[in-house]
Amino acid sequence: MSRIQYPSNIRIVRVPCSGRVNPFFIIKSLLRGWDGVVVSGCHPGDCHYVSGNLVARRRFAILQDLLNLFGIEPDRVTFMWSSASEGDRFANLIKKVTKNIKRLGPNKKFESTW
Amino acid sequence: MVIEDQNKDIEQLIRDLARKLLKEKEVDVILGYTKGTIPLTSLPIVIDKVEDVDKLIWNNLCYINLAKYLVPRIPTLMNEEGQKLKVGIVSKGCIGRALIHLSVEHQIDLENIKIIGIPCNGIINRKKIEDEIGEREIFEISVSGDNIIIKGEDLEQTLPFNEYLNDLCKTCQVKSPPSIENICVGECLENPVIEDDFSDMTEFDSKTPEEKWEYIKNLLDTCTRCYACREVCPMCYCNLCFVDQNQPVWFGKTTAYSDIFTFHLIRAMHMAGRCVGCGACSSVCPMGIDLNLINRSLEKIAKERFNFTSGIDPEALPPMMAFDMEDDQEFMMEED
Amino acid sequence: MTEAKKELEKVKKEIVVTGNEKPQVGVYVCDCGINIAGVVSVPDLVKYAETLPDVAVAREYKFFCSDTGQNIIKEDIQSGLINRVVVAACSPRMHEPTFRLVCKEAGLNQFLFEQANIREHSTWVHMKDPEGAFEAAKDLIKMSVAKARELKPLEVKTVSIEPACLIIGGGIAGMNSALDLATEGYKVYLVERTPTIGGHMAQLDKTFPTMDCSACILTPRMVDVARNENIELLTYSEVVEVTGYVGNFEATIMKKPHYVDQEACTGCGVCVDYCPVVTGNEFDLGLATRKAIYIPFPQAVPGKYTIDMDNCIKCGICAREDVCEPDAIRYDEEPEYMKVKVGTIIIATGWDLYDPTGLKQYGYGRYPNVIDGLQMERLLSSTGPLDGKPTRPSDLKAPHSIAFLQCVGSRNFREGGNQYCSRVCCMYATKQARQYKEKHPDADVYIFYMDVRAFGKGYEEFYESAGKNYGINYIRGRIAEVSEGEDHSIIIRAEDTLLQEPMELKVDMFVLSCGLESRSDAGEVASLVRVQRSSDGFFMEAHPKLRPVDTLTEGIFIAGVAQGPKDIPDSVAQAKGAASSAATLMAKGEVEMEPFFAVVRPDRCIGCGMCVENCTYGAIELIDDRHFGKIASINQALCKGCGACSGNCRCSAIDIFGFTGEQIFSIIMGGEL
Amino acid sequence: MEQKVLKKDQIVKLYNDLVKDYNFYAPIKEKRNIIFGKITNPEDIVLNYYNSKVPPKEILFPQTDILFEYKINGKEIEIEEPKKLDEKNIIFGIRPCDAHSFILLMNFFSQGEFKDEIIMNRRENTTLIGIGCNTPKSTCFCTSIEGNPFQKEDMDIFLVDLQDKYLVEGISDKGKKLIKRLSWLTDATNADIEMAQELGKKAEEAIVTKIDLKNIDKILDPNFDHQIWKEVSEICIGCGTCSFLCPTCTCFDVIDENVPNENRGRRVRIWDTCQSCLYTLHTSGHNPRNSCIERVRNRILHKFCYYPENYGMLGCVGCGRCVQLCPANNDLRAIIEKINKIEQKKEEKVTV
């Protein structure tokens, strides 16, 4: 967005709405060996699909709590709101995520690569 | 009143109510517990005759959540024409909660059920006893006064009842099923109010992610993936559990810790706001894995995030079935 | 058979893909001029793509969106070389429709196409890190190929369109859209929150650069709107809910109570004479008064009266038989709600003037003789409170000297305010200065500016003549602060940046040329109709160049300043554009919906009902299936494919076409670590 | 003298002697459970145990068994076979019932058209050093399956616990050879041998659970549709505990785990159980064993009817694990008792 630069070590998977993001996607990505997962959706109230992000927010709140319970560092999985017009914000958040994950180091807890 | 006497009273209550329901043809069968064939167990039983009522018992080893027998996946309680029987179900608090939650999720019709409410006085943690006794065979377990008496070969040991309760029972605030008009008989709770500070979780919560990871790993890594925890759980009624799904095969089924971990993590995810805290999963685990920590945490998440306790109100929607603009979102990342 | 006929036959040939055969993926990596090729090596990307599983062919071209580029893809499809298409280029927002059409025309199901966005997601955002950009582009291609291998053909679904349009906002933009659509024969519901249409333009006196009278050109249009049979004018009303989707929106409109029966009121105005309550008149920005029972201004449409209940003391005088002959007063009126079905929606909610109170250094709100540009407009207006003989507020004397300050609240990167240029202030200040000089040729008029932007037709000439023929002093410089001198005069301290020297100037009146802002409730409107706003707060267009009146929500258009600051001609042009876009959609009578809706796997569904509760659109219900018992069932006409149901389903019993579990699984497994 | 004596404090020596050439498995306590684990420190070996919770079949037939890994390079497919198949194993402390289960397992894996070479290989390389059960549990019923707590035929070397020492007897050639290698073992005295015989008798008497399995296959065969199956499955919750922890159950599932875009993957064998509803689910959606009724029936019929039919012996070793561990206390002993009470149908009815 607006060609604002952000770190090149993220890969984007397109989904229609943050509501589509099943916890499977997140866990599978970690199992696959990705060092971190980011889910980005529209701000509450601005959901293109009215309330998909609110449904998702509850799901993510629970998932985040459980990841925490199971001893996964909270910064491995990040949830954020960022609208289509907030290129700056998106870039800043991605920079922050990258910084956080670099601090954590490689994701070694999930050894499976299958 | 000492535990021993409470048990006698509860047993009497069950038998009286069961006899009455069968006699008055309010129900076709009674689902309850009878004495197990080996120590540290009880045996679920289905009776349909008044003369069998005295087989029904209550002790502190009635750990199976009988609500499980009513979910559609286990369709045995039918008459010859394949119609559902009207069932009277002996219900401690967590069975009542499970029934109510199952009705919220459209799995059972409460109209077909009579909840025989009893004031549960706690379930003994079998694992703790086994740990205590070690490699010696137990022949008999009984409750005397406020103590558990264990007898075996060259063995007689007295253990304080309260210390050997399931952790979930220690914090349980719904000992009798929540009352529903025309469905409940016996002892039920009117409009239960749950107030819980989850102080038992404080110690665990204060651990670092690394410590938690080690703790949970140590807890789960003996899992043999027999899925007894899932099968005994009244809330696990899916046709096809996520772990068994193909197209695609999301998660591995091996005993590698990643796969074990993933199964338990996602099962916990699916239990959030739904677990009724009966502890049956821990009681039945052949490897002795105690899932109470996860179950308590699920209750905590539901309560603290969404002010919801499962299986209390048949009209209330569990957190994952609803959404709210005003939910907390402190976990969402913000710019610095 | 002639060659042409043969050619035609070839084009007609349909490539049958069931989804079960081996995928043959064609990967087309676009240079996009230098946008992509300038950062990463496209030939290397092509070489890489060739190594990916099931890739039959990979090619490079300068612009695959061009005719030649499209034909390259078409030929590969038609020759049977490929049955899946991946174009690695720009955002699918940009060219997904283009390439889908390519597939369709070549006889391949259009949903067997996947776009890898290596421009917006790689070469643009990692421009300074070409190596990283190359790795990212490789992965994005790999992930797209992985998804493409799992693509299944889908059928588009068409839905009929209600030939009616809801227009929110009755200013000059909304009115023009309404008139155009109504003339074309579409039903229009024009909703305006104030008691009259006309909007801000009604407050203006003359319009630059032609100096024609705003009211003279606006009022006839207002009357046209009121008279048009196809337009249902809903003034003093607000849209409170919008449901549905393109072609089939349902809007709930609240008609606020006027407390005066609008049918019965004859607009005679006797009540106003009797009303004992005097309050500030919004229309004149508090520079004049009105009664508690009022019409906003004499030419208001409809010219019926409204009681302002916030100020009414319910004395009952206006309800007296001798005051209101038609007996139109209704103190107990309640809001009315009506539901309308429309196929399209145009948002023309306009703007708010920047409030300069926060800029303490300019004294607005503290010194009586500091006013904003819109107040100046009312002072100059012949229909204004002073009948077009402007005086200054402190002593109601005509000022001898006036200073204007430009860019108040605009182009401001430091002290709050807005970063954008409001586009109209240079011209309106010039116009106002000129108007004042016309009336008081001997007055001293100064305009403090950063630079004058006179970009429109006739604007530069207008500006030139203001200096040359009217003697208006343009001073390049920003004002540091103002203070109040004796007799409420304003002392300005500034720097003349052309002369590079500080200056002090005493004037009788100081006008702040405030910029335009998105309406304070734009956020609520955005939520209501589910469109997005850009970071400046204005509604966001689907594409800044190519789809300036569309929003990202199909069937919803934007017109006028709601989209961004613009002058009257631009607003009207955009309004007509929005009307035309809406009409284009409605003229087709039906619209193709992307078939990306939810599907239930009945063997997995256990009927817990979670999805039913999660679905905003009410698209899911539990049914009793003959074979599977109680299961969820999707109403595809209502489903928008957001996937909230699918994300929560414990049984994975709901999938979303276009974003199936298998496809996303492949993407996750596809990326290189 | 054929019989030797191993002092309990010599077990460390035994381990040290053998660990060079063998993977040494013995009972250890992992968390709260006794299991057969690969020993790295001989101090970990637990000798005061009834039996392991997870049967030692796990060593032959691991719950997760990677059959091979593969990679595709263009048109070439590289297959990497499992390693470590030729490693030699010793299972020390295996109980007679579990040793007998190895016979049952190998019946399945090595007979007939399809032979499982991986498992046959492992079995070939495994030596069983068993210990008799001086104090059987109340749930043990090996004597009802023609076995006994001191049954030594299925072992390579058989030990009897004589409190501070073990009486060591080589049974198979493999076992005898091994004993020869352990030249430091001292000879047993007559008193030791007599004491062992005494203990054997006592142990056999200590088995209190007696179930009548004499005619069970004949009763089961014609009663496939008997209403007793509804009765005995009513409280089954359908978990797989009974079969996962059964030393004789051999069902497995084969799963291919692929990394779709990397052209590599592996084939994994995991335990499966006939108690899972998915076990028999057809692609069509039809499931011939759709409820616990059919599934419980299958388990009983398999062990007590089909297995005897196929291999001439009961498919159960009487270890009692399923009795102890069933979460719903659906006691196999009670089920057999009920089956035995089924009135034998008359001949002519059976033939219909």
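Each chain carries a letter (A, B, C and D) given by its place in the written order, and its residues are counted from 1.
Methods note: a residue touches a chain if its C-beta (ideal position, glycine included) is under 8 Å from a C-beta of that chain, and two chains touch if they have at least 3 such contacts.
Here the structure is a predicted model, which means the values were calculated and not measured.
Two chain pairs are in question, A-C and B-C; the one with more C-beta pairs in contact is A-C.
Every chain gets a centre from its CA atoms, and the centre nearest the mean of all protein CA atoms is that of A. Inter-chain centre distance (chain A to chain C, centres taken as mean C-alpha positions): 29 Å.
Remark: chain B and chain C have CA centroids separated by 54 Å (rounded to whole angstrom). Separating the centre of chain B from that of chain D, both taken as means of CA atoms, is a distance of 32 Å. A straight line joining the Cα centres of chain C and chain D is 73 Å long. Listed for chain B are residues 240, 242, 250, 252, 256, 320, 322-323, each touching two or more other chains.
The multi-chain contact residues of chain C, meaning those touching 2 or more other chains, are 603, 614, 648, 652, 661, 665-666, 669. Shown for chain A are the residues that touch two or more other chains, namely 23-24, 28, 45, 51, 55, 59, 114. Taken in their complex, chain C has these residues touching chain A: 92, 117, 120-122, 124-129, 131-133, 135-136, 139-140, 143, 523, 526-527, 530, 532-535, 540, 552-553, 596, 614, 616-617, 640-644, 646-649, 652, 656, 658-659, 661, 664-665, 667-669, 671, 673. Partner chain B is touched in their complex by these residues of chain A: 23-24, 27-28, 31, 44-45, 51, 54-55, 57-74, 78-81, 89, 92-93, 96-97, 109-112, 114.
Listed in rising order, the residues of chain B touching chain A in the complex are 209-217, 242, 250-252, 256-259, 261-262, 264-266, 268-269, 272-273, 293-294, 297, 301, 305-306, 319-320, 322-325, 327-329, 331-336. In the complex of the two chains, the chain C residues touching chain D come out as 52-53, 142, 145-146, 149, 603, 665-666, 669-670. Remark: chain A residues 1, 3-17, 19-25, 28-29, 32-34, 42, 45-52, 55-56, 59, 83-86, 88, 91 touch chain C in the complex.
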